[in-house]
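Mind having a look at this structure? Questions to follow.
Order as written gives the chain letters A, B, C, D, E and F; numbering starts at 1 within each chain.
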């Protein structure tokens, strides 16, 4: 499928509202989740006094 | 001056007590004594205005406490079997709110100072539900350190307290009495409190 | 000679303290707030399951169902207004507070409404969509709940106060309170039905408003009296 | 090379292992997402019945699948935690719930926005829709129950019970379309039958499903790490982290 | 060497004691029993008020409404199964009883059903008449409730046990339990609708029966485990 | 013989106690002491099997109490802060039912005799909710007179009791110990109980 113009792409054959309504909210949810997790981690790091994203440690 | 005259309490078929007379003046202590079920709690709830005597009258400076209405609650502080400590609030919040309800607003710093005096250092910001029995009771008693009322009515204040806490309460009461407060108290534990005069009221 | 009233607190201060306290408690127990709301949602969603998926039937039922659910949700949360305070002795302290008890009670009613009523009002349009209500009816539904839910909190508190300390009070309270809720239900749901039928709903609203005013005046006082009886 | 699984069952080791794995899963998720969206919007043909509206499928179906799948995984790990008292598996279960709830919400939302143009109603009381809604309630119930309990050990075990009991709902969702004759369409992807839709549509859907899967893993690992830190904040190894600056140690 | 189990009591004895106790408590609090019943009656009677008096609509709604009301009534009384015992320490004693806890729990579930479920079953035909249901449908309605209400008590107890001691548990329990009640609702109300439509309702009944058996086997055990978690 | 080895209890961020070791033999008494909030209640709930220690082991005659399951409850009687007295039952009914749950069935006459021994003469058929604090506690304690278990775990049994009731409890405990029972006890009140050996366990 190829779209002839961006306008046609955005209108989605007249169903633009529904298609974009679905996609936008879905990605908003995803973005929200990511933000929440990162925020939780940041708060924790501040609370625990961790200096950095310490994801690794030397294996012994 | 608090005066009770000819007080009677009937529960079910039973006359718990009748013809009780007493009067307390500033600086005086009254210990209500008697075995289990003799009516001490019932009497104390009458004196603070929560319950009504079956007959007889309770007067504050010669006016009936019923007629004083809410003004009487400016005079009296009551601490019952139930300590009035909310499980879902921290010790500080509990103290601030109960004293606000009694008309005394304090800030967090003050509240936490008072709690430390009650031996709750380090527990000020814990939710009350995780506190031990005795710690909860201390939170409830902390209110006394702030109260500016003239009469304290305490029902078994020593329950669940350890020895050091009992000493503390004793000191608080003595100081209050020395400043002209009045205390009505029940307890099954022996405690010796210095007061201008100590009345003993025996129920049986 | 009655003692002097101390002046280091004012009535308004008291009101703010008690509302702050109740909201704080609600925050601590966010679950409480959320679960009343979810109860509402779930009850509304249960009916189609029992009745079947036919949209026309559902549309007719919608105002009644949403209102009955709001009523039940609000009623179920009544227990919390006084009973926790009663059990841990805080209520005794409130009764012994040197302020007008009616005022404190009004504060508690207001925070009850904030915590249980307002979320229902906000959620109602979404649930109305589930029943395929037209936009106009959704609007009236929301407005009717906005007027009606405070009445539920006000009247409910009386029942809660009367049944305090009685075991099984949770169900007893519904027995006492539901008859009083019925007029609210009839006019609330009636307004929405009228708007669906294209009729005027102003009459219903003014009746609801009148109820609200009457209960605002009498409920705090009655509740205060009931509390003194229940605890005394 | 043999892996010592027991080693990674301890929260501390898992914390570091997860930290190393998160970037990979995230990158794969992003790549798959881009590919999937490209196929979905630029390769897959217009549906002859539904027009362009069907393109919601690329998010709706993966989300619906993940919502059910994640519930099963959550119930599995909490069951393990309950049976063998392994802290880590309970933490993972706790970490799964919000992501699962989010996908359930997305499935409901996109379904509704698909239903409006196709069926003429945002919502119908169809069996599948209803049971998906129930699934959302189950997730929320799990999370509220855990949130209402302060002691983490108790919260884990109470949550496990409700998660396991709720598992009965999953087959109901999956088979509801067969049991009740309703609006929502039945499974179009099945192991036993050949697919009924265009290959590019199918490919887009599957790729998006994989993207959602990878995304979920990344999110769950990140959340598990946060939970581990919260619960183990008093242990020696967390204390050790305090001086650490990144990889340099 | 584990100690010898004493033999001056038997399992059956225990079961009888706990049921007797719970029934005795219910007798003492007749209000409890009556109010669950009145709640049921009131909810069923509220709907015509909210929906309007049209008989045809009402007849369609009837099975759903009665079932939803039964479900809510049963759910609301869940609080009582364990929470009073928890608050006064009796539950600790039950947990420390040298009998199988599942058995005691089963006894409590059974008395809960006797006290809340059975009255609903007996009342249902009368309420069905209010909605103008035919005799045949009344019969099926009653039978479906007879099969379904024990499931509500069994499953509900799990939720009640899990939310023990949590503030706001009353509403949290509904969130946990309602999703599990839904199949019962669907098949219970479905049976009645099928019989009204003149279709067979045996399939619905056998599904309800299966649910009942499954929950009879798993619920006591799960509830016992939940209690140990909640109190421990 | 009950043995605790290396018991640890963690609440929130706090290690209440750790490395607690003890063992009690028949006829011996263990008093758990410590100020408010030191973890006495928490320890007792572990010992009776209601809670699980964060680490360490509790053994009865060398088998872990977890592995004994319900059999352990044939051995132990626990009486906590909450007395397990139902407000809506009479004193007699309360006693009959709690002891039935513990595996001992008695009739009304026996129950009322036991209650009279506990000083509740004339209150046997009152609903527990109208009893006073101390009377309720006596109803709860009456169960001890019937218990045939080998180990009693009592958390503040003396709360709310008057002097004569405390004497009574003391006598009951001494008699039980003399017959080879074991008692684990917390209380903030001083009480002197004769036993083969008295261990003191200090928490702080």
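In the analysis below, a contact is a pair of C-beta atoms (placed from the backbone, for glycine too) under 8 Å apart; a residue touches a chain by one contact, two chains touch by 3 or more.
Small disclaimer: the values here were computed from a predicted structure and weren't measured.
Novice: By CA centroid distance, what chain is farthest from subunit D?
Specialist: B
Novice: In terms of residue numbering, is the interface formed by subunit B and subunit F classified as same (over half shared) or different (under half shared)?
Specialist: Subunit B and subunit F contact each other through largely matching residue numbers.
Novice: If you average the CA atoms of subunit C and of subunit D, how far apart do the two points sit, in angstrom?
Specialist: Their C-alpha centroids are separated by 37 Å.
Novice: Between subunit D and subunit F, what distance separates the C-alpha centroids? Give it in angstrom.
Specialist: For subunit D versus subunit F, the centre distance works out to 49 Å.
Novice: Using Cα averages as centroids, what's the distance between subunit C and subunit F in whole Å?
Specialist: 45
Novice: Measuring from the mean C-alpha position of subunit B to the mean C-alpha position of subunit F, what distance in angstrom results?
Specialist: Centre-to-centre distance between subunit B and subunit F: 30 Å.
Novice: So which stretches of subunit E touch two or more other chains?
Specialist: 29, 84, 87, 166-168, 172, 175, 178-179, 182, 232
Novice: At least two partner chains per residue is the criterion; list those residues in subunit D.
Specialist: Each of 130, 137, 140, 144, 148 in subunit D touches at least two other chains.
Novice: Please list all residues of subunit F that touch 2 or more other chains.
Specialist: 81, 87-88
Novice: Considering the complex alone, what residue numbers of subunit D touch subunit A?
Specialist: 16, 19-20, 22, 41-46, 51-53, 55-56, 59-60, 63, 98-99, 102, 105-106, 109-110, 113-114, 116-117, 215, 219, 222-223, 225-226, 229-230, 233, 238, 241-247, 249
Novice: Across the complex, what residues on subunit D touch subunit C?
Specialist: Subunit D residues touching subunit C: 121-126, 130, 133, 137, 140, 144, 147-148, 182.
Novice: Note which residues of subunit C are touching subunit B in the complex, please.
Specialist: Subunit C residues touching subunit B: 1-3, 5-6, 8-9, 13-14, 17-18, 21, 24-25, 28-29, 84-85, 87-90, 92-101, 104, 231-232.
Novice: Which stretch or stretches of subunit F touch subunit B in the complex?
Specialist: For this pair, the touching residues of subunit F are 11-12, 34-41, 81, 119, 123, 126, 130-135, 137-138, 156, 159-166, 188-189.
Novice: Inside the complex, what are the residues of subunit C that reach subunit E?
Specialist: Residues 29, 31-32, 35-36, 38-39, 42-43, 46-47, 49-52, 54, 57, 60-61, 63-65, 67-68, 71-72, 76-77, 79-80, 84, 87, 166-168, 170-172, 174-175, 178, 182, 185-186, 189, 193.
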